[in-house]
């Protein structure tokens, strides 16, 4: 399997689904499951094998991405989940000590976590690289369409 | 042993020493060592046994207290260490998910971590309870002396 | 009585109830009442006796946990309550001066306050210690069930 | 006595001295002492009588101004003291619950606390009111002198 | 007139009404109006006379309390109004330069602003002083009633 | 064309419309479109010509205003858009390095961005200058009407 | 005179000098002086005439830029000055109410305030426009030289 | 070349050197240079080719990592550099919009950026994978040595 998505809690499902959908669109194998750094430390450790890239999604004192990174030298991508404070999950994931990096993406950005995983995997996979470029071209196309709508609505005023 | 102090890094020594000194003053057995939640996860897990109370001292994305709490149901006290952001260690230690509490004390407050450990241990130890009360009386006495100095210096002005 | 829960205001009832429910589940005697550090200082002082552990729940400039800690050398657990700012209650409870510790738990985490109280009381009570371990095993079980559901929904994609 | 300045700790002396100096300049009776909301709650309560206005200076989880306000209906002015976080003392003093106001001034602004006390006392004291206006005129004069220096140094450039 | 309440914008009406209601309860003369520090600077200046105490209510870059304080040596109480950031109005009102104090109360605390004004005015008015004490006794009574309700609902559990 | 409004995303339309409406009221030519600094960098660069003033509206890591400023020496006004964090868009737009200024206005303040653009354009256009003054007079008039309503509702209380 | 630089306090001189130096380099007439929004409101009002662009430099509760903007419809550029909190001056200047814009630049960025003023003035002045472009080219040249130094020191490693 | 390190400014050299040193230790080809997103946008765009992984180091409104990510679909790692605010560079790099991910590491963590790059490159390089594991083992060994020193100094106290 290429990517393992691990949610710190079932309540992070919506953010995890954003990642899963992007991976599916890009035809990348993935597996998504739940394991808590704090409630099921042994289970979490057991999951840290068999994938090329790990995506860990967690809120609050979000130790999960760092704990996974402590058990593997494969790339680990951390997705902070929003809540009452927001800065708790961001800083818990981002501020790793020297030696154990976590690639942190923006708050609730499961989609970008999947794209980052795709960029990493595309280094060995020319087809994926091509799909990634098309994916980005689609974004560009979408911006142009949005621009046309806005220009149509607000026009050139004089 | 009653209290095990675990530092996330040797650089947390000064904060750990504040805890050690208070425990020594209160004649409480302790052991102080270093183990990183991220760099030495197995060592950290192995240390989570044999004590009545754990004090974990850590900065940055301070996962250590929570990781220890995930391996024991003994009380775990977390001490956030100051750095460039400060809120990173505070929120990483404080914002634990339901089910796995960490008793967080103030930034760099190794001394209060030790006093909290002493309060917990004093429930089974009348002598320690007495020493704790004397310790607090000394603080009260110190405040009175400080007051006398300030009153002497600034006097009653009219 | 083992645990006294003191709410700074009736509006903190929901957070206090989280603590009460966990204590009830763990068969720990408790008493829950209301007293304000600022509006009823004498009443607050009068309540600071007769329990083994105190849980103080408060929002805004949350002085209640610290004021209780100033009147007892028993362990005091502080629960910051969320509001418009959040950091007000967190920092007011956490940043106690040297000499008077408060064991702070996460924002609105009445449940973790009760579990921390249980961990403290379990030091003298083998049965409670057993119930605590079962409580945690239940959490672990719940994570496994959540994982099964997520895996079922998102499957292994290839 | 008109004004009682209470420092939460001897380490707040420098900020307290700013207040004392302004009161001295304005010929207002004052008394300055030390008492901790947490370490000497009884002493603090005992001090909450005999003055027309209270100035409380405190850092960290700065409960002192609020505790004084809980024991008197005279105006209480709170001065947050800077430290590693700054927002801890500001929010602890500012965010009082309904019913118990504290007049908060800026971080380390002992001088403004004294001026606010003077403004309050000047309501019953025409002479003091006059001295206050002169004090402010001096500030205005100082600004003009500073302007002259800056204009002299940087001139009108063309 | 004893107290002039000035709102920075009509949208601050709800917070101003909290102040007005407390003043009414305490039988203190007041006048409430609207004036913006930025949109109507001349009008604002013109309002800075004829009262014993000023209450200024403002959000965002809340310059109004400070601007009023720049035009009078009477006590000025500032009430920060909540919005998308909250810290903008708090810090804009609180962090006044030396020489021009503003007595800041908590976010949206129009009620406490009025009580602070009452405490100031009570220095010359024994009757008001008595009403203030009764007001506070009512708070104390309310806490006792709330406690009874909570104790009734959650009882003593064993 | 005098003003080009560029939205970082179609979702910023509401904030852009605030700017467009003010420009329309002031009879200033404008054009509004969408282009993303990150998704359509070439399109963005291509838009950086042909206007006297640029208004860039963006949220999150709001690079758009700075990127536009890097391609032109015309004045660029940045409008941070609110979201889950708010400080992300504010600081991303505000904290430009020396050499490349962006004129930042308040969170979601599309209206003020347009007024700032108008103030800049009015330097060469006496008529616009006059319209701007009338626009401000209208604000003043509105404050007076609001004041009348509030005074009517809350009256002078005695 | 083209640009008037007003410092809220003599202590802001260093930041004001950054602006003055850039204006001098670009051969733009300027005048620099000191006036406090709070201590010398009348003087501040009196200064709000006779310039094409205003640069206001202020720290703490930085009301100066907004107060100047309330007295003129010329463009006002605000420079927040760093201190113990930093966010106080940033938010006080940035978060202006609708109707009265202030063009805020980054913390301590007197240089960018001057460049923004230059960009505004260059609309009517082709020579200045040319000097501005050269100024920016110099920055570009500097980056290339810095790159050469870094490449020389760290080289291409293989 | 495998890794291209781009500094936003020569002043970020110290953080860039942390990355360079780790890459050198791990025998990974790299090139380090300087280019500003804002001052040299064309140069920056020109640099976005020819490497497998990009490390972008930037402070303040740190647009550089995002701008590089907008020009390539190779993995881009962003390193926020500390300054007066810290949160400006963190949030500017982290909060990228959907579609353009940046792998953000902790404040000033050039070393972790290099390790993350190494983890990514090790997917195609078994030797590098081995060196990475040894590198991590060395960290583990260092923790054990630090533990021995601390234990020696503070011993087991009883």
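Some points to look at:
Read from first to last, the chains carry the letters A, B, C, D, E, F, G and H; within each, the first residue is number 1.
Here, contacts are C-beta pairs under 8 Å (C-beta built on N, C-alpha and C of every residue); 3 or more make two chains touch, one makes a residue touch a chain.
Keep in mind the model is a prediction, meaning the values are calculated, not measured.
Among the remaining chains, those touching chain A as well as chain E are C, F. Interface repeat of E-F: among C-D, F-G or A-C, the matching pair is A-C, sharing over half of the residue-numbered contact pairs. Inter-chain spacing, taken between the CA centroids of chain B and chain D, is 33 Å. Look at where the CA atoms of chain B average out and do the same for chain E: the two points lie 40 Å apart. Averaged Cα coordinates give chain D a centre that lies 18 Å from the centre of chain E. Averaged Cα coordinates give chain F a centre that lies 36 Å from the centre of chain H.
Residues of chain C found to touch two or more other chains are 9, 36, 39, 60-61, 85, 94-96, 99-100, 106-107, 136, 139.
Those residues of chain G that touch chain H in the shared complex are 82, 86, 106-108, 136, 139-140, 142-144, 146-147, 149-151, 154, 156-158.
Taken together, the chain F residues at the contact with chain H in this complex read 8-9, 36-39, 41, 45, 60-61, 63, 66-67, 69-71, 85, 87-88, 91-97, 99-100. Across the interface of their complex, chain D is touched by residues 52, 73-75, 77, 90, 94-96, 98-107, 109, 111-113, 115-116, 119-124, 129, 132-133, 135-136, 139 of chain E. On chain F, the positions that touch chain A within their shared complex are 1, 7, 9-10, 13, 16-17, 20, 23-24, 29-36, 39-40, 43, 60-61, 84-85.
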